[in-house]
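Everything below concerns the one structure shown next.
We call the chains A, B, C and D, going by the order they appear; numbering starts again at 1 in every chain.
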């Protein structure tokens, strides 16, 4: 049962260590302090617009849930917060409701709770033929196709025939009225894959790199054979590297996610070229903490973002992408070997 | 007595820490995740052919034993597994049987148990004059000449006159009907040595690099003077570096081995240019675990291989050698200093 | 109340861990030993002149206190030591006395105790309009404008409108009779910011880089929300990197400070291009140790300086800037990425 | 009293931790394994000649003692071992005997015990005017002038006027009948200093780099102020880097020493260009272990040398300098920054 698995995932992610042991790589990224910011921190403007929708901050609660009775409460809370703060929110895979329409309300509750926020639908690449129907389930601003080959490969019941996905995405982008986002779920997207996706009409990419929730980790708990999940626990392109690869490869907007846990990491991602950052696990955990917890969480997160933006002298997100940052260590090594230039960020402010 | 030493080696390797403390270097090698594999994992084809023999997977149980009564059971089990799975197997040094024909059955049991599998004979470089006779002991597909200067240098009774080996290998390749493989036993083969071996007619190279079984370690237990073995415990070219060096230097097939312990490391070796991977120590240990253990071990190993191949979008071994990988850390440093190009692997998929 | 906060800072800095966890980077800097110094250590001359004032050693007690009754004793002791040793001393921010003239004596005590030493006034960038008045509070040799955006951003009551600072510094340098120093307080100054400051008439720069006292750390103790301070605890440009950046960017004198804790680190800073080194926290702590402690502290510090100068064969500070040093590790990586040349120091002695 | 200090040094070095915490750098140097050595280990020839004297192995017991009654026994034992094995030996500083002729026999005992071995006199640079007299104290093969600015700078009674040393060495090399060696005592010699020394007529250089006995460490125990010795404990050029610097800068023979503790490190030093290796501390310690201990120590050391030489296929010391080695880590970083080429060693065997 899909919906049972959904519950299992929610519980596992909330209670067990399901995160990558290897890091996002943001520790390797150092923003260069500006002793003379020459801006007013009070006037820092985090607003942006993504896929035609205005947002008060470049933050998206990425796809988490739907399809299980318990999803209703979670999605409602997430959507209320998203609505209150005017940030983005993604639904969990809508497959359950496409296959079992009784479950539709576990998803539509989000649009009800957040009538104006950027709301993103979700369907897995193996169920791409359901994308159109899913996109019509409610008033959605975009449809995310999630790519999750790592989990599919590890879980016994996984769908491991990924042939024709690109062609299918092309068809989907053509027939769909709303823009299509391609998103990974924790193993990252390379510059090359991003280019392919852009070429078939995808309108934004959520890199969902490694360093946060690991689907190999999640499956380790669910599987009798622990070895496979443990072996692939750390598989993937670290989020910092993935963000750079994608941003140097495509023109469409980029959501950087996977292991982003505070506003400082968010600012690094944004300065590296992301148009917004996404988070799932910490948001899910916070949603259980009671009334107002999510609002407090995001408020703090935005405060943290503003501190870093102040300290590099960026009044808005566009200026942030002109500030200096240094890429060191393994992230620099990865990018250099891969042919991506790391020095272009290091002194761009004075060009 | 050679055969007593053989038993001692079996026991030591099974019960003591005989592995390198320094690593193979495969940790430095990162396969680049493909969010869009565009293949069907169920249809991944691991088959290959090596030295004219078809194999269902690019895996070889490298030389372990023979020459002691207890070798019969080990060789029989290994051969049965190799036969069942149609993978390759190497005999331990046949010197014991050449010098004492009564021991012949401790080797021939392998061919009986695996009539069709790739079966590789074995003789040490110091006994090269026995190679022809050894090659005729049964129906062998190839003859491995093993190079083991580290052990010879450390053990008191070692044969340390290695003059003329290359010339002798030349003679052996000329007079032998079956192809000759040159293999190390854990200290690795440099690109330069590989070139010399190819030039004298060797038809495949098993790099057997450092990171797995250490013959200096084994001899540390056997020797009253522990210092010498401990000092040279970590001597050698790490397997990942050795695999790259050899694959950038010769045209003949390459077996990567020495410390390969799971399918993910195997895929890295294959992606770096190896035609097959080899293992000895973990196979030996598994052989003692009872009925079916070896088959289970290799099945799991192949499953692990397929996961990585799926995640880089390779349906077969040839495609695997066109996928992207990044070489970092000490392995990159070694290769760069040695004049080998590490960047050629980093983005070759999109060329 | 400013003066209460001043006391709180003194207490916190003396009793809690308020230092960066990340290091200054001086560990990455290795002075190249000279087996043949060809100088007489007894005749090493540490004297220098800064902003027109002669000093017996290139050491400055950077801004610490003033404005609270307890500051009197501290400033008197610091000034006595500075006077006795003829080194430099900075006052803490004079804002308290500008706003409340009764507190003036907590500052002027320094000039009384050290009639001839280089004495530097201090005002924060947010209070720049008070600079002129502060500069006339006593006979000062220079006026430091301190830049402290990190603390301002972290503390709830912080002044976070930094617009126009550069323009205001320009005005201040023009109207002021004494030279203006721009100083950070622990987060460092980039080459680019240094250039901007030089262009508006600043006559010296105190880099005050990260690695020593962290104002985010200090504010962590003062704030109910510990997360913000902890997240930014290690924010900033490490002192070694900042010293190189500034020294390769401007012509005006440079004070290297932030985490300098012994004479060996001081010599590294001086060899990297600094004209003097500064210290606050260790001097403050020593000031509480009783009669003569400060003199002993600095005497030892100068002895340590002389050992390193002897071992690189430098009789004076000018020669020191021609000796060889090697920059390694993260500091090399930072500087290289930022486009600063590290090799120019490595063999300059033999040019 | 010099002779009391001599005893104190002997005791301290034997019983306390007086070694550098930072390493020689030989761990960064990897000899490239040769699977086909093509030599006979039994016939490896360690003989060499240094300063006109034949030696059976490129090993020198570097300067340790003399001048105290207890030195007699030590020097006798060392000389007997040197004589028996026909390796080199250095006397401790002869200053004590020049100033107090009664102590002469504590030195001459060495020549008596080793009539034919390479025997090297010793005088400190501060006592260079005693060099001629010292050189005539017995039949010496060479005279070492030791440079020890680190110890002189740390010890309270140190002679820290090093002006004119180079000029004095020039005079000494001219008036002396026997060749002059310049040696450090643990802080290393740079390429530049080596060049200067060669230019004034020095006939060999003992780099005595850092990584072994630290004279700052020794003085830490002797001094009431522990801080100074601790601060400079790790001062100096690591032995591996110093060996490369000197060997790429001069034509005269090089003794590599400072922290060499086994035959594998010795082979690395020799492969990097040294003509012999030197050791003091471990030899001193062994000399107390009773009859035959020194001979056993050196025998084992030479056995270790031969293993590595065998494994890189070098039959003699000249061939060793054509074998491949890889320089990694901090040693590579040091040398690259300093403008020395590390790649010339990496594949020289196949040129």
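Everything that follows uses one rule, which is that a residue touches a chain if its C-beta (ideal position, glycine included) is under 8 Å from a C-beta of that chain, and two chains touch if they have at least 3 such contacts.
These figures come from a predicted structure and were not determined experimentally.
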{"item": "Chain whose average C-alpha position is farthest from chain C's own", "value": "B"}
{"item": "Rigid-body rotation angle, chain B and chain A, from Cα fit (steps of 5°)", "value": "90"}
{"item": "Chain centre separation (chain A, chain C; CA means) in Å", "value": "43"}
{"item": "Chain centre separation (chain A, chain D; CA means) in Å", "value": "61"}
{"item": "Multi-partner residues of chain A (at least 2 other chains)", "value": "none"}
{"item": "Overall pattern in which the protein chains touch one another (line/ring/star/complete/other)", "value": "ring"}
{"item": "Pairs of chains satisfying the touch condition", "value": "A-B, A-C, B-D, C-D"}
{"item": "Sites on chain A touched by chain B in the complex", "value": "147, 149-150, 153-154, 160-166, 182, 184, 187-190, 192-193, 196-197, 210, 225, 227-228, 231-232, 235-237, 330, 333-334, 337-339"}
{"item": "Chain D - residues contacting chain B, complex", "value": "30, 32-42, 262-264, 300, 303-304, 307-308, 310-311, 324, 326-329, 332, 342-343, 346-347, 349-350"}
